[in-house]
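Chain nomenclature is as follows: A, B and C, assigned in order of appearance, with residue numbering initiated at 1 for each chain independently.
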Amino acid sequence: MKKLVVAALFAAGVAALTTAAFGSSKSPSRAASAASVSSGAVKCGSTRYIGFMAPITGPAASLGQTQVDWAKYYVRLYNKGHKKSKIKLVPEDTELGGPNGTAAAVQGAQALGSNAKVLGVVGPAGSNEVKATTGALKGAGLGFVSGSATNAAIATDGTRTGYFFRTVPTDDDQSKSASAYIVNKLKLKRVYIIDDQEAYSIGLADSVESQLKAKGLTVGRDGVSQQLSDFTSVINKIPQNTQLVYIPWQLPPKGQAFGQQMKGLGRGSVKLMGGDGLFDPAFSGVGSNVYDTFFPVNTKDKRIAGFKKLHKGQTEFFGAPTFEAVHVVSAAIDRACKDGKATRAEVRAQIKKTNIPVKTSLIGLPINFAKTGNLKKHPFGVYHSSKGVFVRVG
Amino acid sequence: MSAPADGSPPDGSPVTGPTEEAAEAPKVGVDEWVARHEERRQAHGGLTGAVIQGWDRVPPAGHLAILFAPFVVFGFVANEGNLYRYGLITLIYALLALGLNVVVGFAGLLDLGYIAFFGVGAYAFGIMASGHSGHHLPAELAVPIAVAFTALVGLLLGLTSWRVSGDYLAIVTLFFLQAFVIFVNNANGGPSDWSYPFVGKVDITGGANGLDQIDPLRFFGYSISTTKGYYFYTLISLAVLMAMLFFVNRSRTGRAWRSLREDPLAAEVMSIPVNRLKLLAFVFGAAIAGYCGTIFGSVQSGAFPGDYDVGLLITIYAIAILGGLGSIGGVVIGALIVNGVPELLRSSENARLLFYGALVVGLFLAMRPWYRPVVVIVGTIAFGFVVHGVAGAVWPRGTAGHIQGGARLAGPLEHWVLLPTHPGRIGGWAYFALIAMALVLTLVRGWWRTLLLIPTLYLAAFVWENELVEQVSGATRLILLGALLVVIMNVRPSGIFGTARVEVV
Amino acid sequence: MNWNLFFGELVSGLTLGSIYALIALGYTMVYGILKLLNFAHGDVYMVGAYVAFFVLQWLGGPLNTDVAGWLAIAIMFLVAMLACGMLGVGIERFAYRRLRNAPRIAPLISALGVSIFLQNSALLLWGPNFRDYGTFDLINVKSYRVGANFLISNIQILTIVTSIVLMIVLTLLVSRTRTGKAMRATSFDREAAEMMGISVDGVVSFTFFVGSALAAAAGVMFVILFGQASPLMGFTAGLKGFTAAVVGGIGSIPGAMLGGYLIGLLEAFATGYLPGGSTYANLYVFALLIAMFLLRPSGLLGSPTIQKV
């Protein structure tokens, strides 16, 4: 008898909870309770909050750190130059490549969504993270501008139009620049491609491989784990007459290790070409057989010198699009705040209207967005390592 | 051979004093003295004892209600972000740990490939209901199929346990996990994929880009689309599964599993079908993990290869161990600790309060006569001011820095802790010194310990403010988690709610 | 027959195998005595690599060392091995000693905790960026060509020779000295050894010292060869070392060495010859090893444990 009573109470409890759960599911969007946050107007005080998602810890922390540095640099310049308004970044660690996968990014997105003061988001860094966090960010009405998510499909599949923007050209552009240079300028016939098993790398590798094959080149293909440091087994497989090895990897030290191991095995004369992830003195220092593709940064910009001074002479450019991403969001918030109040929808609309000319933009490209969220002008530059530094050649 | 504590149900409740329960408990195979020894060791006096007695008098259903009440309240009270971060993820991890508890805790099989089932469930659901694959089966079909498929995979992996055991089973299952991750990362029909016999190259899992646009769960027309919805759905599932496992634990199968865990050879001699039981444990665990996978896949609206790797495995193991293997309710507490605490530590203000708070509470808990912790705290504060004063006079750069974050305590702290403008190397050496001193503290006793605590605590505050606070959202919380695991294991080896086991020689 | 590829992979495999073997030795020795899988072992390997890095910096950095390049490397080895030996002893003393008689899972989790602690302490103190020894700047890296198809570099020779020397020293230590005898006795039956007057605590500490020192040597070699030290490098290396130890038969020292070389060679040849290359190389190795397990469950050189009822 007691067991029956207990069972009945249990069932009643379950029923009550079920109605509570499903009762709230009639609303169309995800994160319904954040809808009030998203549609609410925020009074623009003297401090404006921008959400900032980057891999601060985890295997990609070195990438995240550069983005953090450049974002903080922008905030510093802005705060110095503006008396009446200041920006503050609300950081969320996405742990890209970390043990919990994209879960950390989604948690960060949810947190930013429920933070009523946040009007726009910079990031996330990885294309997979963009996909995973779209639901949360869209549901919260937040626009998000990424400085490094380059997978071509995320802008064209229609699921985040009007919310997602990026201040960096896509992998498609990069692969086109790379293959065009290999075929037309270097005029090579035999290429070997190695990816690092991450989404970004595989995408670029696949794309370049098909473009090169279409032009009749002999293309070999292989893949290594991003954690791998011993490339000798892989290098041994590269056919002896290969002229160029294309390694669109994410981590410069790996590129450097690969180049050095090639030298160690007597293959130092083979040309190497990397992707924008390898645009770093570590990779260019390998030798004069190194090429790389990167968006055209204006290296003479005064702000770069300022950044160098701040960071004790170290400078790198992977985080430069993030600088511009923060620029885009803060400018949009400023414009939306002209009437003293701003909603997230207004900020998004203002992001769409961004128009930063080449002279002011750090990344050597004018920043205005097409409907998809991609940059309107999006060429990639090809660089050659000369005396340990990358010099633009194409 | 080892024997468990006396015959009380090992669902996590610590042993009480000799009541009529002990008289009813089966005495077969249990050494009388050993059983009483456990009771004597574990009988708590005072307040803790009263709480434990009270807990044991409540019927198991009451246990469930008490455990879940705060979660229900939290679900209605918290805002979106907090609910997701602290609530939903905690529940999902608790559910996963529950399944792991079946394999490792009940049946004693060291399965290091468990997370692969989690992934199989998510991907299977995704293949059946996502924008990526083009199919949109309703959840009432997709979820059972996904769970059944995962259970089948579990069955196949379980077959290997017939031949290998113990640590070797651990390796085999670990390999399975690695194989799963590699497979899932490449199975997108692209150049690096296999070409299957009849169908050629097929995009099964979306490869490294993941299987995205997974549909939300849609049961009989009702779609769960809010975090709150998922939260309560997971809460209900967890409650139902816990109840189910509770009954299984009490049944013949549960007893058979326990005997398998304690001594497989003896169990076989007693004509318990050991191999079948192993398979059953694997299948059960895999099914729970697969079910969890369907929830997680739809919550994330995508399944990505990196989500189902060894890092998560370690997290779930930590949860299951901390809560006590074999303890059904313990997984929830374990999940709260392993997931909730690091999340709490994300904001440096919270972290600072937590840090100093934990130090004070820890002192009071660890040192018995009440005046000792007071002496230590007062001494540390005085010591700090003295050192700060001296350093301010002798080495001005040592105190010119600023506190990061911490609004309320910033003022007093800036006068108390040494804050060099450029911590740099000093921070690193201080960190080593702190570890060394903490270890030395465990070696000394009595008043020496009390005295040495003072500079150690001050050093801890120094290291905290200068080094750890910066990385509070990353390395620091994991450092604390690691230290916590070591300390808990050393102090209470069977986990917080586990039953201590006595080895009979 | 592409001899070039064959010999290339052979050399790669032997080099990798040497490193795995050294790590595996640490695992197997500790397991033999305590029946504990020391998850933190891979992170000791990582600490060894970093200690050597800082020693190098202290000596002036790869470009202008105060001493000759090879001498610098020798000093790096010695200091790293010593430091990690002591680290290993410390870990045992504080994380595992109390758990000798606890259920097997407890020291396992404690080891996990130590591993997380070490990894993240390294992240906190030294940052996530990769560190490079600058081998090419430090010493003159040369490739020697024997015949038309066999290519080996001097750092690869260094690695293989050093591991073999260390393994010989270890074997002599275990079989010829009194301490070695004590170690063997303790691994047979801990309680009986204690009753015979062997200080078990001392033996265990010594075992951890030696095992950790070997791991440190492996760490230094790894960075010399491949030029990459990062806080997370211990994880994969530890996994492979653990696998090697189990394949060879855990608890058996020659088994660990054999297992290490086997895994190294398998990995290299799978990368070189099987379709799918290094993407699936790990998979092939695992599959082969699982097959081996199903045929011989206690490892190659392990003795099938007879359970006394």
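Brief remarks follow.
Assume a contact is a pair of C-beta atoms (placed from the backbone, for glycine too) under 8 Å apart; a residue touches a chain by one contact, two chains touch by 3 or more.
Note that this is a predicted model, so its numbers are computed, not measured.
Just count the C-beta contacts per chain pair and the biggest one is A-B. Each chain's centre was taken as the mean of its CA atoms, and the one lying most distant from chain A is C. Work out the mean CA point of chain B and of chain C, and you get 29 Å between them. Centre-to-centre, using mean CA coordinates, chain A is 37 Å away from chain C.
If each chain is reduced to the centroid of its CA atoms, chain A and chain B end up 32 Å from each other. Residue numbers of chain A whose C-beta contacts span two or more other chains: 57, 61, 197, 223. The multi-chain contact residues of chain B, meaning those touching 2 or more other chains, are 186, 192, 310, 314, 471, 474-475.
Looking at chain C, one finds that residues 123, 279, 282 touch two or more other chains. Those residues of chain C whose C-beta lies close enough to touch chain A in the complex are 4-5, 8-9, 11-13, 15-16, 123, 127-130, 132, 135-136, 141, 143, 151, 153, 155, 222, 225-228, 230, 232-233, 236, 267-268, 271-272, 277-279, 281-282.
Put simply, chain A touches chain C in their complex at residues 57, 59, 61-62, 65, 197, 222-225, 227-237, 240, 251, 253-254, 256-257, 260-261, 263-266, 282.
Chain A makes touch with chain B in their complex at residues 2, 6, 9-10, 13-14, 17-18, 20-22, 24-25, 27-34, 37, 56-58, 61, 91, 93, 95, 97-103, 106-107, 110-115, 127-128, 131-132, 134-136, 140, 151, 153, 157, 159, 195, 197-199, 202-203, 206, 209, 221, 223. Of all residues in chain B, only 2, 104, 160, 163-165, 167-168, 171-172, 174-175, 178-179, 182-183, 186, 192, 194, 265-266, 310, 314, 317-318, 321-322, 325, 427-428, 431, 439, 442, 467-468, 471, 474-476, 478-479, 481-486, 489-490, 493-494, 501, 503 touch chain C in the complex they form. Those residues of chain B that touch chain A in the shared complex are 59, 61, 65, 72, 75-76, 79-82, 84-85, 89, 131, 185-186, 190-192, 207-210, 212-213, 216, 222-229, 231-233, 235-236, 239-240, 243, 299-302, 304-312, 314-315, 343, 346, 471, 473-475.
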